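In the two complexes below, chain A is the common chain; its partner is chain B in one and chain C in the other.
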Partner chain A sequence: MFGLTAHKRTEPPGWGSVCIFPAALTLALGLGLGLMAATGRPPAAVLGSILSGAFGSWRALEETLLKTAPIFLCSLGVAATFRIKVWNIGAEGQYALGAVGGAAAALAFPGLPAPVLLPLMFAGAALAGALWAAIPALLRLRLAVNEIITTLMLNYLGILFLDWLVYGPWKDPASHGFPMTALFAPGAVIPRIPGTRLHWGLPLCAALALGLWFFLSRTRLGFELKASGEGRRTATYARMPYDALVLLVMGLCGALAGWAGLIETSAGLGRLQPTVMAGYGFTAIVVAWLARLRPLAIALAAFLLAALRVGVENLMLDFSVPAAFGRILEGLILLCVLAGQFFATFSLRRAKAPGTAREAA
Partner chain B sequence: MNPDLIVPLLAAAVQSGTPVLFATLGEMFTEKAGVLNLGVEGMMLCGALAAFVTSLYTGSPVLALAAGGLAAALVGALHGMVCLVFLGNQVVSGLALTILGTGLADALGTPLVGRTAPGFGPLRLPVLGDLPVLGPAFFQQDALVYLSYLLVPAFWFFFARTRPGLRLTAAGEYPAAAAAAGLDPIALRWAGVLGGGFLVGLGGAYLSLAYTHLWTSNLTAGRGWIAVALVIFAAWRPGRAVAGAWLFGGIMAFQLRLQAAGTTLPSSLLLMLPYATTVLVLVVAALRRGASRGSDAPEALSVNIEPED
Partner chain C sequence: MLRKRLALVLAAACLALALAACGSGEKKAEEKKEAPAAAKQEAPAPAAGSAMQVGFIYVSPIGDAGYSFAHDLGRKALADVPGVTTSYVESVPEGADAERIIRNMAAKGFKVVFTTSYGYMDPTLKVAGEFPDTVFMHCSGYKTAPNMGAYFGRIYQARYLTGMVAGAMTKSGILGYVAAFPIPEVIRGINAFALGAQKTNPKAEVRVVWTKTWYDPATEKEAAKSLLDVGADVIAQHQDSPGPQEAAQEKGVYSVGYNSDMSAFAPKSHLTSAMWNWGVYYKDVVEKVKAGTWKSSSDWWGMDKGIVDIAPFGPMVPKDVQDKVLAAKADLLAGKDTVFAGPIADQKGAVRVPEGQTIPDADLLGMTWFVKGVVGATE
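Now for the complex of A and B:
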């Protein structure tokens, strides 16, 4: 095309991998702003509104950090499954089950003090999320059922299950018909960091990111896990049965996404209600791919996409932009990054005339 | 069994199965050429919106139908750009397309929520429509349902008996061999992406033009994903796609009827039925496949064609 031919690079481009991500992000934002301009909204003001909404004040930054946590946790799990080529797009459903599992513990033992109840809720959320994730993992391992479809269907089922609970058996009789549980007891609410709106779930995320990075890059087992990512045969080199690896990683993702659901329920809302579902599980896929599946980069990408969400919320106020504009931007970013990665793998050269090409070979 | 109960349910099953059938055939067409496109849900929704808007402003259902197909093909072209030109990962690109497509339709459709537009109404076929049982179930439907009756054998004939169909299959099974035989597998895959996208768009258009006549947000409600699952269930054969799509149509119609009849079952549990069935259907397909071993999928499905050095 255009007199250019693509050639596989023999070594990775030094500058390239650094430039691709900002270039793709700029292109996607440019397309999004173009769409805004086409609907009569001045692009510069739109960009300003997004930026000030996400970073403009301490309150804005707090909001961005608060949204970073669930996206980060889901994305960490999704990236782990993508690494071993399990196409798990079920973080959204696992998040829902985590919210349910955490709420179950909170509603069952309202009298327990926080130091006992909160760990119990974290255990419940992790267990529920992991079991939900184990269903598609087992179906894939035992029957070779495509996990893309099953994880996606389990998203719908998980969300409907949550709906059923809060519209039915768990509905607060005092809620005037609104679908929500009763407010959690004080011991079931993740406390805030004094003087801020931030909660202790955030330091937990930071610890997880550092821990996982250390595990993957500095320990023997982590290195072996990374090496076994390519499939059945390499998994055997890591002295780990492939089936166990898939179950472990899917369970891990379910637990992490479950924690995200729990944190949003307990610290964000203080009760279980359908609005806890905000599509973080899908944003997590965008984040995982932007970060090329590396834990610390995921933290950064999660922060950026959380900022985008908060920025778009501001945009809704300033320019009455529909909420779905955020999803448009996320889709564009992912498409641009996918296309941009081409330049990391291939170099373009001017096509030679057929005769000279043969000589060169 | 009482035909007075069965016939309306059968007719409703065909009607609500038809958009899924178009989308399934569309995705099958694309996958036959070797491209996995998980963007069906987003493309279908964009097709539904484009068809609805066109019908609203021109009043012509036929133009609207074409607009629906073209819009979905256009969204699908983004997948083509990413996967066929820039060799991006097909799974992730399809997901991105769904995120983008549902976002686009949602954002652009917000001002239209609740509006109605002209579309396709029931059209009783002469002779066939007068048959007992079969007539009211299958031949008192709208024009798009009849189009789907014609499309299924045409789809089969195209891949089984025609040269272009064979070439498309070659691009999906052995692109290297196709290239060696002087074909252009990339161009063939483009045809698969755009042609399949058009069919997916017809499925979306059916929803807004014949099924609801009314714009609501998230009109597809997962039908695009069910279509992706049905391609696997149907083992890439159009005849089985009909069975799968009508089965789903039946379940959706049954579920709606139960709700309308004022059942005491909570609606969130009833809404689970189509999604739970999708998982079940895939398990059944896997058990059946287990007996024969081997997969029915095109050999080079979701494998990108890399340039040779």
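Now for the complex of A and C:
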């Protein structure tokens, strides 16, 4: 194509792999800013507005970090399942169930002190999310049902279940008919780190990232997970418990997404209501691929995506930019970065003669 | 040959993009250095004499019709007020995101922040506690603070009038109502519409479909189609898009719009619309804040103050129907609100409001039951 042919690299491109990500990011930002310039908004000021909205002050940075937490947790979960080629796109539903599980504990024991109640809520959220995730895992293992479809469908079921609870049995009688539970007791709200607006869910995220990185790259089970990615036959040949591993990663993802739902419910809203669903479970899939399923890279990608979203809000306020621009910019970045990964595996060479392009493919 | 030329063009385009990207990359570095300085400025309120900033937060895109569109018309009306600049953020989800955006406005020194959807109530209250010098105005809720007021308009009055039109125009006696969420605001509107329809057509029934979305044109249109399939020949709605109007026009039946005059989207089917006119209220608040006379309150203005109205009738509405509706409108304009005056029975036929009584505002604000003649569940 265009007189060029693609060749699979025999070795990683060395310095190239370091450059590809920033180059793709710059290209996408350039395109987005070009769009802004075309609509009469000065690109430099636009970029400044995004950056100052995301990192420009301690308050902005706090907001970005708070926004990072749920994206990161969901993404960490789906990445774990993708690693063994279980195509779980059900983090959204697992997030909903986590929110429900956490809220159930909060509403059942409002009188308990925080040191008892909060661990109970985390346990409830992890359990609810993990059990929800176990359904498609078992369906796949026992009945060979495609998990892409079951996880997707369970998302809608999970969200509707949450809706049903807050429109029905859990609705706060004092809410004037609006769908929401009563405000949680003080002991059920994840406390803030003194002197900041950050809550203790964030250090938990950091610990989980390190823990999972260690688990995946430094333990035997982590290695088995990686190897099982080649499929059941490979795993069985190597005498690895494939079924147990699938259940393990799905349960892990359910628990992590569930915690994201719990954190947003408890620290973000202080009650359960349908607006807790913000699409983080779907965002997580993109983030996981951007970071090529590596835990620490996921932390970075989640942070950058959160920064973009928070920054674009500031841009909307400063320049009356339509909300769709944020989505466009996000799309451009994902497209450029994912396309850029092509260059990490392939190199382009000038074709020797017409017709050789086909051989390369 | 062609292929080669195409390759050349593409290569040139790539080069141009890369150069543009490099340029912006340099700017990025510069901006990063400037960012902390900008942050330092944002804490204190703007000095006296500079323009007063007024911010708006919308739940859906502004678009060209609908709830946020109507609020944004109100924002634009503030252009008449000297010394005031406005800005807005659209499509803000009603959760943690809203709180962040409200706080950002307050931190940037906005003097008045209008949060225009119910779900912004708790976030608004939270931020109001952190910024005592900013005035927060929350739409359609009930919580207030010394620096946070609540406001809404009696759109049910306009809905009652549109119900009268719909009741007079239906042949099947079945009115379809595409509704967003089963919350009091929506339920109240459906009831007012049904009571209005029964005024001109005692046998009229209102069939309700819940979409569970504020803004999803495709879903809303499909919901309208499902109502058309059960014989509805007038489609009313409580949504942010004119999707239901389009469905009605395609089927060749009538429709009643909401939020703004929706005649442009379905000229052949549009009877009238229940309309917001937020500008009068926004000007009132902003002028009071400017003059230093603003005090926190819960305002629920009616048609007499001009905050709600109905759109001009479509050409298909006969003169006698128009006269009847305009007579009822004259009463509302004079402050005589008998929309929820008894006797009113509920869906089961039990009398909820006896003759001679009217539903008090507090009960209207928390309304969770349908009047007789409405077909559907309130959940």
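By definition in this document, the second predicted complex is superposed on the first by the 331 of 361 C-alpha atoms of A that agree within 3 Å, B and C clash if a C-alpha of one lies under 4 Å from a C-alpha of the other, contacts with A are read in each partner's own complex, and residues count from 1 in each chain.
One rule holds for everything that comes next: a contact is a pair of C-beta atoms (placed from the backbone, for glycine too) under 8 Å apart; a residue touches a chain by one contact, two chains touch by 3 or more.
Keep in mind that this is a model prediction, so the values were computed, not measured.
Taken together through their common chain A, the two structures put chain B and chain C in a clash.
Applying the stated contact rule after C-alpha superposition, one finds that A:A185 touches neither chain B nor chain C. By the touch criterion defined above, A:I148 reaches chain B but does not reach chain C. Of the two partner chains placed by superposition, chain B and chain C are both touched by A:G168. When the two structures are aligned on the shared chain, A:F282 is found in touch with chain B, with no touch to chain C. Once the two complexes are overlaid on the shared chain, A:A324 sits against chain B and chain C alike. Legend: residue contacts after superposition of the two complexes on their common chain; A:L107 is shown touching neither chain B nor chain C. Once chain A of one complex is fitted onto chain A of the other, the partner contacts of A:C19 are absent, as it touches neither chain B nor chain C.
In the superposed model, A:I89 makes contact with chain B only, not with chain C.
Judged by the touch definition given at the top, the superposed model places A:A344 against neither chain B nor chain C. Of the candidate stretches 169-177, 241-249 or 295-303 in chain C, only 241-249 runs into chain B once the two complexes are overlaid on chain A. Overlaid on A, the two complexes show chain B and chain C touching the same residues of chain A, namely 163, 167-168, 322-324. On the side of chain B, the complex with chain A involves touching residues 38, 42, 78, 81-82, 85-89, 91-93, 95-104, 106-107, 110, 222, 225, 228-229, 232, 266, 268-269, 271-272, 275-276, 278-279, 282-283, 286-287, 289-290, 295, 306-307, 309.
Residue ranges on chain A touching chain C, taken from their complex, read 2-4, 23, 26-27, 29-31, 33-34, 43-44, 47-48, 51-53, 55-60, 63, 66-67, 163, 167-168, 176-179, 264, 268-271, 273, 275-276, 278, 310, 313-314, 316-318, 320, 322-324. Considering their complex, residues 3-4, 6-7, 10-11, 17-18, 20-25, 27-28, 30-32, 34-36, 38-40, 42, 55, 61-62, 87-91, 93-97, 99-101, 103-105, 107-108, 118-119, 122, 142, 181-184, 187, 212, 365-368, 379 of chain C touch chain A. Remark: chain A residues 1, 5-8, 87, 89, 139, 143-146, 148-150, 152-154, 156-157, 160-161, 163-164, 167-168, 282, 285-286, 289, 321-328, 330-332, 334-335, 338-342, 345-346 touch chain B in the complex.
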